[in-house]
Amino acid sequence: MEIITEFIKLNTRGHTDIIDITPHVQDIISSKGFTEGQALVSAIGSTTGITTVEYEPGLVKTDIPKLLSQYIPYGPDYAHNDTWGDDNGAAHLRSSLIGTSITVPFLNGELLLGRWQQIIFIDFDTRSRARKIAVQLTGKKPEE
Amino acid sequence: MEIITEFIKLNTRGHTDIIDITPHVQDIISSKGFTEGQALVSAIGSTTGITTVEYEPGLVKTDIPKLLSQYIPYGPDYAHNDTWGDDNGAAHLRSSLIGTSITVPFLNGELLLGRWQQIIFIDFDTRSRARKIAVQLTGKKPEE
Amino acid sequence: MEIITEFIKLNTRGHTDIIDITPHVQDIISSKGFTEGQALVSAIGSTTGITTVEYEPGLVKTDIPKLLSQYIPYGPDYAHNDTWGDDNGAAHLRSSLIGTSITVPFLNGELLLGRWQQIIFIDFDTRSRARKIAVQLTGKKPEE
(Lines give C-alpha, C1' and ligand atoms only; values in the text may rest on other atoms or scores of the structure.)
Protein backbone atom coordinates (compact mmCIF):
# COMPACT_ATOMS: atom_id res chain seq x y z
CA MET A 1 0.00 0.00 0.00
CA GLU A 2 1.04 3.55 -0.72
CA ILE A 3 -0.01 7.05 0.30
CA ILE A 4 0.44 10.30 -1.63
CA THR A 5 -0.70 13.87 -0.93
CA GLU A 6 -1.65 16.36 -3.65
CA PHE A 7 -3.45 19.71 -3.67
CA ILE A 8 -6.22 21.23 -5.76
CA LYS A 9 -6.02 25.02 -6.05
CA LEU A 10 -9.16 27.03 -6.83
CA ASN A 11 -10.13 30.68 -7.11
CA THR A 12 -13.66 31.07 -5.81
CA ARG A 13 -16.26 33.83 -5.63
CA GLY A 14 -17.44 33.02 -2.07
CA HIS A 15 -21.08 33.47 -1.02
CA THR A 16 -21.78 29.71 -1.22
CA ASP A 17 -19.99 29.25 -4.52
CA ILE A 18 -20.32 25.53 -5.34
CA ILE A 19 -17.66 23.88 -7.54
CA ASP A 20 -17.59 20.32 -8.93
CA ILE A 21 -14.15 18.94 -8.03
CA THR A 22 -14.80 15.33 -9.08
CA PRO A 23 -12.70 15.62 -12.28
CA HIS A 24 -9.75 16.97 -10.27
CA VAL A 25 -9.91 14.08 -7.81
CA GLN A 26 -10.35 11.47 -10.55
CA ASP A 27 -7.40 12.95 -12.49
CA ILE A 28 -5.12 12.56 -9.47
CA ILE A 29 -6.14 8.91 -9.06
CA SER A 30 -5.59 8.21 -12.76
CA SER A 31 -2.31 10.08 -13.10
CA LYS A 32 -0.82 8.41 -10.02
CA GLY A 33 -1.87 4.96 -11.26
CA PHE A 34 -3.80 3.85 -8.17
CA THR A 35 -6.32 1.06 -8.76
CA GLU A 36 -7.96 0.23 -5.40
CA GLY A 37 -8.11 2.63 -2.47
CA GLN A 38 -9.61 5.81 -1.18
CA ALA A 39 -9.40 9.55 -1.77
CA LEU A 40 -9.54 11.75 1.31
CA VAL A 41 -10.65 15.20 0.11
CA SER A 42 -10.11 17.80 2.83
CA ALA A 43 -10.63 21.55 2.43
CA ILE A 44 -8.28 23.93 4.21
CA GLY A 45 -10.14 26.77 5.91
CA SER A 46 -12.99 27.24 8.35
CA THR A 47 -15.44 28.83 5.88
CA THR A 48 -15.38 25.94 3.40
CA GLY A 49 -17.45 22.81 2.82
CA ILE A 50 -17.06 19.44 1.11
CA THR A 51 -19.96 17.10 0.36
CA THR A 52 -21.61 15.36 -2.62
CA VAL A 53 -24.57 16.40 -4.74
CA GLU A 54 -26.06 15.92 -8.18
CA TYR A 55 -24.27 18.79 -9.88
CA GLU A 56 -27.08 20.47 -11.82
CA PRO A 57 -28.03 24.18 -11.78
CA GLY A 58 -31.34 23.78 -9.94
CA LEU A 59 -29.65 22.34 -6.84
CA VAL A 60 -26.35 24.17 -7.10
CA LYS A 61 -27.48 27.68 -8.07
CA THR A 62 -30.87 27.77 -6.32
CA ASP A 63 -31.88 25.03 -3.88
CA ILE A 64 -28.74 24.69 -1.73
CA PRO A 65 -28.06 28.46 -1.39
CA LYS A 66 -31.76 29.08 -0.69
CA LEU A 67 -31.97 26.38 1.99
CA LEU A 68 -28.92 27.73 3.79
CA SER A 69 -30.11 31.36 3.48
CA GLN A 70 -33.39 30.36 5.08
CA TYR A 71 -31.85 28.86 8.21
CA ILE A 72 -28.35 30.37 8.44
CA PRO A 73 -28.69 33.74 6.69
CA TYR A 74 -25.68 35.90 5.91
CA GLY A 75 -25.78 39.08 7.95
CA PRO A 76 -24.65 40.84 11.09
CA ASP A 77 -26.46 38.85 13.77
CA TYR A 78 -23.66 36.57 14.91
CA ALA A 79 -21.43 36.84 17.97
CA HIS A 80 -18.52 35.84 15.70
CA ASN A 81 -18.86 39.12 13.84
CA ASP A 82 -18.42 41.06 17.09
CA THR A 83 -15.23 39.11 17.91
CA TRP A 84 -13.38 40.19 14.79
CA GLY A 85 -15.40 42.98 13.21
CA ASP A 86 -16.08 40.28 10.60
CA ASP A 87 -19.22 39.70 8.56
CA ASN A 88 -18.87 35.97 7.91
CA GLY A 89 -20.38 34.33 11.00
CA ALA A 90 -22.89 32.49 8.81
CA ALA A 91 -20.05 31.12 6.67
CA HIS A 92 -18.44 29.51 9.73
CA LEU A 93 -21.71 27.97 10.91
CA ARG A 94 -22.46 26.55 7.45
CA SER A 95 -18.97 25.06 7.33
CA SER A 96 -19.26 23.33 10.72
CA LEU A 97 -22.63 21.91 9.72
CA ILE A 98 -21.77 20.62 6.22
CA GLY A 99 -18.24 19.52 7.14
CA THR A 100 -14.94 20.17 5.38
CA SER A 101 -13.83 16.66 4.45
CA ILE A 102 -15.04 13.47 2.74
CA THR A 103 -13.43 10.13 1.92
CA VAL A 104 -14.53 8.40 -1.29
CA PRO A 105 -13.42 4.86 -2.22
CA PHE A 106 -12.25 3.88 -5.70
CA LEU A 107 -11.93 0.52 -7.48
CA ASN A 108 -10.36 -0.30 -10.86
CA GLY A 109 -9.09 3.28 -10.81
CA GLU A 110 -12.62 4.77 -10.76
CA LEU A 111 -14.33 6.68 -7.93
CA LEU A 112 -17.27 4.74 -6.47
CA LEU A 113 -19.92 7.43 -6.89
CA GLY A 114 -23.40 7.33 -8.34
CA ARG A 115 -23.88 8.45 -11.93
CA TRP A 116 -25.48 11.69 -10.69
CA GLN A 117 -23.28 12.12 -7.61
CA GLN A 118 -20.40 14.60 -7.69
CA ILE A 119 -17.91 15.75 -5.05
CA ILE A 120 -18.33 19.46 -4.43
CA PHE A 121 -16.26 22.16 -2.78
CA ILE A 122 -18.29 25.06 -1.34
CA ASP A 123 -16.83 28.44 -0.48
CA PHE A 124 -19.12 29.95 2.16
CA ASP A 125 -16.99 33.04 2.80
CA THR A 126 -18.28 36.53 2.00
CA ARG A 127 -15.54 37.39 -0.49
CA SER A 128 -13.40 35.90 -3.25
CA ARG A 129 -10.73 33.50 -2.01
CA ALA A 130 -7.78 31.49 -3.31
CA ARG A 131 -8.34 28.01 -1.85
CA LYS A 132 -6.34 24.81 -1.33
CA ILE A 133 -7.92 21.38 -0.99
CA ALA A 134 -5.79 18.43 0.09
CA VAL A 135 -6.36 15.16 -1.76
CA GLN A 136 -4.68 12.21 -0.10
CA LEU A 137 -4.77 8.84 -1.84
CA THR A 138 -4.26 5.60 0.08
CA GLY A 139 -4.27 2.26 -1.69
CA LYS A 140 -2.73 -0.04 -4.23
CA LYS A 141 -1.14 0.22 -7.66
CA PRO A 142 -1.32 -2.65 -10.19
CA GLU A 143 2.24 -3.92 -9.64
CA GLU A 144 1.58 -4.58 -5.95
CA MET B 1 -1.37 -3.31 5.83
CA GLU B 2 -4.08 -4.46 3.46
CA ILE B 3 -7.11 -2.98 1.74
CA ILE B 4 -10.24 -4.76 0.51
CA THR B 5 -13.47 -3.50 -1.05
CA GLU B 6 -16.86 -5.13 -0.51
CA PHE B 7 -20.46 -4.08 -1.15
CA ILE B 8 -23.67 -4.20 0.86
CA LYS B 9 -26.81 -4.49 -1.27
CA LEU B 10 -30.15 -3.29 0.10
CA ASN B 11 -33.69 -2.92 -1.15
CA THR B 12 -35.19 0.17 0.42
CA ARG B 13 -38.60 1.84 0.59
CA GLY B 14 -37.28 5.40 0.18
CA HIS B 15 -38.95 8.39 1.91
CA THR B 16 -36.22 8.56 4.59
CA ASP B 17 -36.13 4.82 5.17
CA ILE B 18 -33.46 4.28 7.87
CA ILE B 19 -31.62 0.94 8.01
CA ASP B 20 -29.11 -0.29 10.60
CA ILE B 21 -26.12 -1.55 8.60
CA THR B 22 -23.78 -2.07 11.58
CA PRO B 23 -24.12 -5.89 11.47
CA HIS B 24 -23.24 -5.92 7.75
CA VAL B 25 -20.09 -3.85 8.33
CA GLN B 26 -19.06 -5.88 11.39
CA ASP B 27 -19.58 -9.12 9.43
CA ILE B 28 -17.22 -7.96 6.69
CA ILE B 29 -14.52 -7.10 9.25
CA SER B 30 -14.94 -10.46 10.99
CA SER B 31 -15.11 -12.60 7.86
CA LYS B 32 -12.01 -10.95 6.34
CA GLY B 33 -10.05 -11.41 9.56
CA PHE B 34 -8.99 -7.79 10.07
CA THR B 35 -8.03 -6.87 13.64
CA GLU B 36 -6.96 -3.18 13.66
CA GLY B 37 -8.03 -0.67 11.04
CA GLN B 38 -10.92 1.30 9.67
CA ALA B 39 -14.13 0.75 7.71
CA LEU B 40 -14.98 3.38 5.12
CA VAL B 41 -18.73 3.08 4.52
CA SER B 42 -19.75 5.04 1.42
CA ALA B 43 -23.22 5.06 -0.14
CA ILE B 44 -23.52 5.21 -3.91
CA GLY B 45 -26.16 7.69 -5.04
CA SER B 46 -27.03 11.36 -4.49
CA THR B 47 -30.28 10.74 -2.56
CA THR B 48 -28.69 8.63 0.19
CA GLY B 49 -27.23 9.29 3.62
CA ILE B 50 -24.81 7.63 6.04
CA THR B 51 -24.46 8.63 9.69
CA THR B 52 -24.75 7.11 13.18
CA VAL B 53 -27.65 7.08 15.62
CA GLU B 54 -29.07 5.12 18.52
CA TYR B 55 -31.20 2.74 16.47
CA GLU B 56 -34.49 2.78 18.36
CA PRO B 57 -37.96 3.42 16.89
CA GLY B 58 -38.54 6.81 18.53
CA LEU B 59 -35.57 8.36 16.74
CA VAL B 60 -35.67 6.28 13.58
CA LYS B 61 -39.39 6.19 12.82
CA THR B 62 -40.43 9.55 14.27
CA ASP B 63 -37.82 12.11 15.37
CA ILE B 64 -35.41 12.06 12.40
CA PRO B 65 -38.10 12.00 9.66
CA LYS B 66 -40.07 14.69 11.52
CA LEU B 67 -37.05 16.99 11.92
CA LEU B 68 -36.17 16.72 8.24
CA SER B 69 -39.81 17.22 7.15
CA GLN B 70 -39.95 20.39 9.20
CA TYR B 71 -36.97 22.06 7.55
CA ILE B 72 -36.56 20.26 4.19
CA PRO B 73 -40.08 19.06 3.35
CA TYR B 74 -40.76 16.72 0.44
CA GLY B 75 -42.77 18.51 -2.22
CA PRO B 76 -42.67 20.45 -5.46
CA ASP B 77 -40.96 23.66 -4.36
CA TYR B 78 -37.42 22.96 -5.52
CA ALA B 79 -35.62 24.19 -8.63
CA HIS B 80 -34.23 20.65 -9.00
CA ASN B 81 -37.72 19.38 -9.73
CA ASP B 82 -38.04 21.80 -12.64
CA THR B 83 -34.73 20.62 -14.12
CA TRP B 84 -35.80 17.02 -14.51
CA GLY B 85 -39.54 16.91 -13.96
CA ASP B 86 -38.48 15.12 -10.77
CA ASP B 87 -40.10 15.24 -7.34
CA ASN B 88 -37.08 14.47 -5.19
CA GLY B 89 -35.37 17.83 -4.67
CA ALA B 90 -35.73 17.45 -0.90
CA ALA B 91 -34.00 14.05 -1.07
CA HIS B 92 -30.93 15.62 -2.70
CA LEU B 93 -30.74 18.43 -0.15
CA ARG B 94 -31.06 16.03 2.77
CA SER B 95 -28.28 13.89 1.28
CA SER B 96 -25.86 16.81 0.86
CA LEU B 97 -26.54 17.90 4.43
CA ILE B 98 -26.25 14.53 6.20
CA GLY B 99 -23.44 13.24 3.98
CA THR B 100 -23.05 9.92 2.18
CA SER B 101 -19.96 8.49 3.84
CA ILE B 102 -18.42 7.72 7.24
CA THR B 103 -15.21 6.08 8.42
CA VAL B 104 -15.34 4.05 11.64
CA PRO B 105 -12.22 2.60 13.30
CA PHE B 106 -12.03 -0.93 14.68
CA LEU B 107 -9.70 -2.62 17.18
CA ASN B 108 -9.42 -6.29 18.15
CA GLY B 109 -11.78 -6.92 15.23
CA GLU B 110 -14.60 -4.85 16.79
CA LEU B 111 -16.02 -1.52 15.57
CA LEU B 112 -15.26 1.32 17.99
CA LEU B 113 -18.83 2.53 18.49
CA GLY B 114 -20.82 3.33 21.60
CA ARG B 115 -23.14 0.68 22.97
CA TRP B 116 -26.13 2.68 21.67
CA GLN B 117 -24.48 3.94 18.48
CA GLN B 118 -25.26 2.27 15.17
CA ILE B 119 -24.20 3.00 11.57
CA ILE B 120 -27.27 3.79 9.48
CA PHE B 121 -28.01 4.02 5.78
CA ILE B 122 -30.84 6.40 4.88
CA ASP B 123 -32.70 6.32 1.57
CA PHE B 124 -34.10 9.81 1.05
CA ASP B 125 -35.48 9.15 -2.44
CA THR B 126 -39.22 9.30 -3.12
CA ARG B 127 -39.52 5.69 -4.31
CA SER B 128 -38.22 2.20 -3.64
CA ARG B 129 -34.63 1.65 -4.71
CA ALA B 130 -32.05 -1.14 -4.98
CA ARG B 131 -28.93 0.33 -3.33
CA LYS B 132 -25.22 -0.43 -3.15
CA ILE B 133 -22.98 0.69 -0.30
CA ALA B 134 -19.21 0.33 -0.61
CA VAL B 135 -17.37 -0.92 2.49
CA GLN B 136 -13.63 -0.56 2.21
CA LEU B 137 -11.45 -1.99 4.98
CA THR B 138 -7.91 -0.74 5.56
CA GLY B 139 -5.75 -2.23 8.26
CA LYS B 140 -3.98 -5.24 9.68
CA LYS B 141 -4.60 -8.95 10.05
CA PRO B 142 -3.15 -10.98 12.95
CA GLU B 143 -0.30 -12.58 10.98
CA GLU B 144 1.16 -9.18 10.09
CA MET C 1 2.69 2.18 5.90
CA GLU C 2 1.62 1.77 9.49
CA ILE C 3 -1.55 2.11 11.54
CA ILE C 4 -1.91 2.88 15.25
CA THR C 5 -4.93 3.48 17.49
CA GLU C 6 -4.95 5.84 20.46
CA PHE C 7 -7.66 7.37 22.63
CA ILE C 8 -8.36 10.86 23.94
CA LYS C 9 -10.24 10.92 27.25
CA LEU C 10 -12.29 13.97 28.22
CA ASN C 11 -14.62 14.98 31.03
CA THR C 12 -17.35 17.18 29.57
CA ARG C 13 -20.22 19.27 30.89
CA GLY C 14 -22.71 18.24 28.20
CA HIS C 15 -25.35 20.67 26.82
CA THR C 16 -23.37 21.31 23.61
CA ASP C 17 -20.04 21.67 25.37
CA ILE C 18 -17.49 22.35 22.59
CA ILE C 19 -13.85 21.36 23.14
CA ASP C 20 -10.82 22.03 20.90
CA ILE C 21 -9.09 18.65 20.49
CA THR C 22 -6.60 19.75 17.81
CA PRO C 23 -3.63 19.79 20.23
CA HIS C 24 -4.46 16.25 21.39
CA VAL C 25 -4.54 14.96 17.81
CA GLN C 26 -1.37 16.84 16.81
CA ASP C 27 0.42 15.49 19.91
CA ILE C 28 -0.38 11.90 18.93
CA ILE C 29 0.98 12.47 15.40
CA SER C 30 4.16 14.09 16.75
CA SER C 31 4.81 11.59 19.53
CA LYS C 32 4.34 8.58 17.22
CA GLY C 33 6.67 10.10 14.63
CA PHE C 34 4.34 9.97 11.63
CA THR C 35 5.20 12.35 8.78
CA GLU C 36 2.64 11.80 5.98
CA GLY C 37 -0.79 10.30 6.52
CA GLN C 38 -4.19 10.87 8.03
CA ALA C 39 -5.84 11.09 11.45
CA LEU C 40 -9.26 9.50 11.76
CA VAL C 41 -10.92 11.15 14.78
CA SER C 42 -14.02 9.23 15.83
CA ALA C 43 -16.12 9.93 18.91
CA ILE C 44 -17.65 7.02 20.80
CA GLY C 45 -21.28 7.63 21.75
CA SER C 46 -24.51 8.63 20.02
CA THR C 47 -24.85 12.06 21.67
CA THR C 48 -21.46 13.37 20.49
CA GLY C 49 -20.22 15.36 17.51
CA ILE C 50 -16.95 15.94 15.67
CA THR C 51 -16.40 18.74 13.15
CA THR C 52 -14.12 21.75 12.56
CA VAL C 53 -14.61 25.41 13.42
CA GLU C 54 -12.65 28.56 14.15
CA TYR C 55 -12.34 28.07 17.90
CA GLU C 56 -13.24 31.51 19.24
CA PRO C 57 -15.84 32.32 21.94
CA GLY C 58 -18.35 34.04 19.65
CA LEU C 59 -18.88 30.89 17.59
CA VAL C 60 -18.25 28.32 20.31
CA LYS C 61 -20.12 29.83 23.26
CA THR C 62 -22.90 31.67 21.39
CA ASP C 63 -23.46 31.10 17.67
CA ILE C 64 -23.31 27.29 17.44
CA PRO C 65 -25.38 26.59 20.60
CA LYS C 66 -27.90 29.27 19.55
CA LEU C 67 -28.27 27.91 16.01
CA LEU C 68 -28.89 24.39 17.29
CA SER C 69 -31.30 25.57 19.99
CA GLN C 70 -33.31 27.39 17.37
CA TYR C 71 -33.88 24.34 15.15
CA ILE C 72 -33.32 21.33 17.45
CA PRO C 73 -34.21 22.64 20.94
CA TYR C 74 -33.55 20.61 24.04
CA GLY C 75 -36.81 19.60 25.68
CA PRO C 76 -39.45 16.92 26.02
CA ASP C 77 -40.97 16.88 22.54
CA TYR C 78 -39.17 13.89 21.07
CA ALA C 79 -40.40 10.34 20.61
CA HIS C 80 -36.96 9.19 21.81
CA ASN C 81 -37.73 10.57 25.25
CA ASP C 82 -40.84 8.39 25.45
CA THR C 83 -38.87 5.27 24.54
CA TRP C 84 -36.50 5.50 27.49
CA GLY C 85 -37.92 8.10 29.84
CA ASP C 86 -34.92 10.10 28.63
CA ASP C 87 -34.60 13.82 28.08
CA ASN C 88 -31.87 13.86 25.45
CA GLY C 89 -33.72 13.35 22.15
CA ALA C 90 -32.31 16.64 20.85
CA ALA C 91 -28.78 15.47 21.66
CA HIS C 92 -29.22 12.40 19.44
CA LEU C 93 -30.62 14.42 16.54
CA ARG C 94 -27.80 16.95 16.75
CA SER C 95 -25.27 14.13 16.74
CA SER C 96 -26.72 12.43 13.65
CA LEU C 97 -26.77 15.77 11.82
CA ILE C 98 -23.24 16.99 12.68
CA GLY C 99 -21.64 13.54 12.53
CA THR C 100 -19.31 11.81 14.97
CA SER C 101 -16.17 11.37 12.89
CA ILE C 102 -13.72 13.26 10.68
CA THR C 103 -10.52 12.37 8.86
CA VAL C 104 -7.83 15.05 8.58
CA PRO C 105 -4.66 14.60 6.48
CA PHE C 106 -1.19 15.58 7.68
CA LEU C 107 2.09 16.27 5.88
CA ASN C 108 5.59 16.85 7.31
CA GLY C 109 4.07 15.82 10.64
CA GLU C 110 1.57 18.73 10.67
CA LEU C 111 -2.22 18.58 10.34
CA LEU C 112 -3.43 20.17 7.09
CA LEU C 113 -5.88 22.64 8.62
CA GLY C 114 -6.42 26.34 8.08
CA ARG C 115 -4.83 28.76 10.49
CA TRP C 116 -8.26 29.44 12.03
CA GLN C 117 -9.61 25.89 11.69
CA GLN C 118 -9.68 23.59 14.71
CA ILE C 119 -11.00 20.05 15.25
CA ILE C 120 -13.74 20.11 17.87
CA PHE C 121 -15.49 17.50 19.98
CA ILE C 122 -19.04 18.42 21.02
CA ASP C 123 -20.91 16.78 23.87
CA PHE C 124 -24.62 17.20 23.12
CA ASP C 125 -25.86 15.12 26.05
CA THR C 126 -27.90 16.69 28.85
CA ARG C 127 -25.45 15.85 31.64
CA SER C 128 -21.72 15.60 32.40
CA ARG C 129 -20.01 12.66 30.76
CA ALA C 130 -16.62 10.92 30.68
CA ARG C 131 -15.88 10.51 26.96
CA LYS C 132 -13.50 8.53 24.76
CA ILE C 133 -12.47 9.60 21.27
CA ALA C 134 -10.55 7.18 19.06
CA VAL C 135 -7.67 8.65 17.03
CA GLN C 136 -6.37 6.28 14.41
CA LEU C 137 -3.28 7.28 12.42
CA THR C 138 -2.50 5.74 9.05
CA GLY C 139 0.63 6.71 7.15
CA LYS C 140 4.37 6.80 6.96
CA LYS C 141 7.29 7.42 9.29
CA PRO C 142 10.59 8.94 8.09
CA GLU C 143 12.54 5.67 7.99
CA GLU C 144 10.09 4.13 5.50
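Order of writing sets the labels: A, B and C. Residues in every chain begin at 1.
By definition in this document, a contact is a pair of C-beta atoms (placed from the backbone, for glycine too) under 8 Å apart; a residue touches a chain by one contact, two chains touch by 3 or more.
Given the structure is predicted, the values throughout are model-derived calculations rather than measurements.
Between chain A and chain C the CA-based rotation angle works out to 120°, given as a multiple of 5. At the interface between chain A and chain B, two copies of one sequence, fewer than half of the residue numbers in use are shared by both copies. Separating the centre of chain A from that of chain B, both taken as means of CA atoms, is a distance of 19 Å. The multi-chain contact residues of chain B, meaning those touching 2 or more other chains, are 1, 71, 97, 99, 103, 138.
Contacts from chain B toward chain C in the complex involve residues 1, 36-38, 51-54, 56-59, 61-64, 67, 71, 97-99, 102-105, 107, 112-114, 116-118, 120, 138-140.
The touching residues of chain A, counted against chain C in their complex, run 1-3, 5, 40, 42, 44-46, 71-72, 78-84, 89, 92-93, 95-97, 99-101, 103, 134, 136, 138.
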